[in-house]
C-alpha cells in the first residue's frame, strides 16, 4: 500500500494566530482518516493546508498536489447551469472519468437536466460530492461533507467513500457526526491545540513578527 | 482550460449573466453625451474619439467584479486552484471570457455608436482597429484589479480606483489613434504602441493576477 | 554583519531610536534655513516674486517620485526576502508621498496661474503627477481595505510593482499624447535650464531639508506601525493565554 499523504509536525495558523501544531499523520491507499475537534480548532484550515491552498505555519506535508480532490462547505456550483453541465465542467477541468456513474452513485440521474439553482440544499451537497467522483483523484479531502444530508444520503455518501477506498483511494474527513465508517481511524485535534508559550519559531503571522 | 472558457461564456449568456449589459451601458453613454454638450455635429465629432474610448473603459469596468467574485463566493475558485490548471492559465481564460462578452461586442458595435456621435467615416476603421487592439488589455488589467480585491466585501469602488489609473496608457494611445484618423491623418504610430501595451499586458499580468489570487485564497 | 540585520524589528527599533533625535535636529535646521534663504532671493526678471514658489515646488515634486521608488524597492524586499519591517516602511511612506504629490500639484497650480495664466494645464508633467497621485491613493486604499496584514502586505506589494510599470508607461504616454495634441508645446516647468547660483544653493538646501523631513517622518511612522503590530500581537497572545 502506497503512502499518499504524510504530515510531519504540522502547524497551521488561522486569522493570524496559530491554531493547531504538532500534527502528524500518514494516509495510505485504502485508508480513511477522520479529524475531530471542537469548533474553531482549525480543522478547515488544516484541510486547506493539506489541499495546498495555504502554506503551513510550521512542519511539512508530503503529498502530490495533483492527487488531492478538495471539497469544502461551498460546492462550487453554478445555479444557471444544469446538474449535468456543472458536473461535466469539473470532469473536463480535472480530466477524470465520465459523469454518468457519478450521477448514479449520488442518486442524481433523475435531476441531471435540472438547473442547479433549483436543487435543495441536500441535493446540492450530493452534487458537490459527485464532483469528487469525476476528478479521478485518489485523495479526497473533505470538510464537513455531510452537512444538510439526510440519513439515506449519508449512507449513500459512506458507500461512495467505501468504494473509493476499495479502489485504492484515501480520504481525509473533518466531521462532527458519525459517518458510518467504523473502519476509519480518528485523529482528535483537541490534543494539538497550539499553546501560548511556544519555543521560538518562525512567526505565524505578520503581527507576530513584532511580538 | 477550454472547458473553463466555455463555462464562463455559457454562464454569461444564460439568464442573469449580464451579457449585453456593457453594450447597453455604452449606448446610454453615447445617448447622454449629446444632451450634455449639445447636438451640433462638429462639436460631437471633435469629442467622439474620447467619448467612445471612455465609454468603452467604463462599460468594461462595469462587469469586472464578475470575473472572480462569483467564483470566489460559491467556492469554485478554491476548486480551480486545486485543479490541474495553472492559476495563470485560469486568469488568462477568465479575462478572455470577459473580453468576448464585453470587449468584442463593443468592437463590433462601435461603428454604430461612431455614427451616433458624428465620427468622420474615415475614422471608423481606426476606431474598430484601436478598440480591437486595446480592449484585451482592458480586460486583462481588470482581471488583475478583480484578483486584488476579490476577498473584499465592498471591493467594487476600490477596484475602480486601482484599475482606472492602469487604463491611462491604453486610453491615451487608443483615443489618439482614432483622433488622428478623424483628422484625416495616419494613426499607425499610436496603434502600434497600443498593440505593444496590450501584448506586454497579456504576457505579464496573468502572473501578477494569479499571485494576487493565491494570496487571497490562503 | 549585513544590512539585513536592520530588518529585525528589535534591531531596527534600537537603531532608529538612536538616529531619530539627530535626524529631527538636522531637519529642524536645514528646512527653515533653506526656505528662509529661498524667501530672500532676488526676484526673477521674467517671473517676478513667483519664482520663490520653486523652493517648495521642486523639492516636493522630487520627493513625490523618489518616495514611490522607495516604496517599490521596499515592496520588492518584502516580496522576495519577507522582511516585515520593509513592508511596514512602504506602508508608512505612502501617505507622505501622497502629501508631497498634492503639494507639488498645488504649488504648481499657484505658480502656473501668474506664469502661464491658467491654474491648470494638461502638460504631460502635471498630468503624470496627477496619475501618480491616483496610484498613491489606490495603494493606501488597498492597504486599509484588507484586514489580514499578511495579505495586505503581499497584495499592496504586487500592486506597487504593477503600478510602477504603469505609472512609468503613463508618463511616456502623456508626453506622446500632449505633443500629439499641441504641436511644439513650449511650456516647460523644468527648473534646471540655466539656473543661476543665486537660486540653486537655496534650492539644494531645500531639497536636502525635504529629504531629511521625509526620512524623519518615515522613521517615526514606521516605528509607530511596529509598535501597533507589537500591541496587536501581545493582545492576541493574551487573549489565548
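For reference, chains read A, B and C in written order, and residue numbers begin at 1 within each chain.
Definition applied: a residue touches a chain if its C-beta (ideal position, glycine included) is under 8 Å from a C-beta of that chain, and two chains touch if they have at least 3 such contacts.
Worth saying up front: this structure is predicted, and the values here are computed from it rather than measured.
The chain with its Cα centroid farthest from the Cα centroid of chain C is A.
Remark: the per-chain Cα centre closest to the mean position of all protein Cα atoms belongs to B.
Chain geometry summary: the mean Cα position of chain A and that of chain C are 48 Å apart.
One inter-chain figure worth recording: chain B and chain C are separated by 32 Å, centre to centre, where each centre is the mean of the chain's CA atoms.
For this pair, chain A with chain B, the centres built from the Cα atoms lie 37 Å apart.
In chain B, the residues that touch at least two other chains are 218. Across the interface of their complex, chain B is touched by residues 48, 51-55, 65-66, 68-78, 80-81, 85, 89-90, 92-95, 131 of chain A. Partner chain C is touched in their complex by these residues of chain A: 15-17, 194, 196-197, 203, 205-211.
Within the complex formed with chain A, the residues of chain B that make contact are 2-4, 6-7, 10-11, 14-17, 71, 73-76, 78-85, 217-218. Note for the complex: chain C touches chain A at residues 9, 84, 87, 148-150, 153, 226, 229-230, 232-234, 236-237, 240-241.
By the touch criterion given at the top, residues 144, 148-149, 151-152, 155, 158, 161-162, 164-166, 168-169, 172-173, 176, 179-180, 190, 193, 197, 205, 208, 211-212, 215-216, 218 of chain B touch chain C in their complex.
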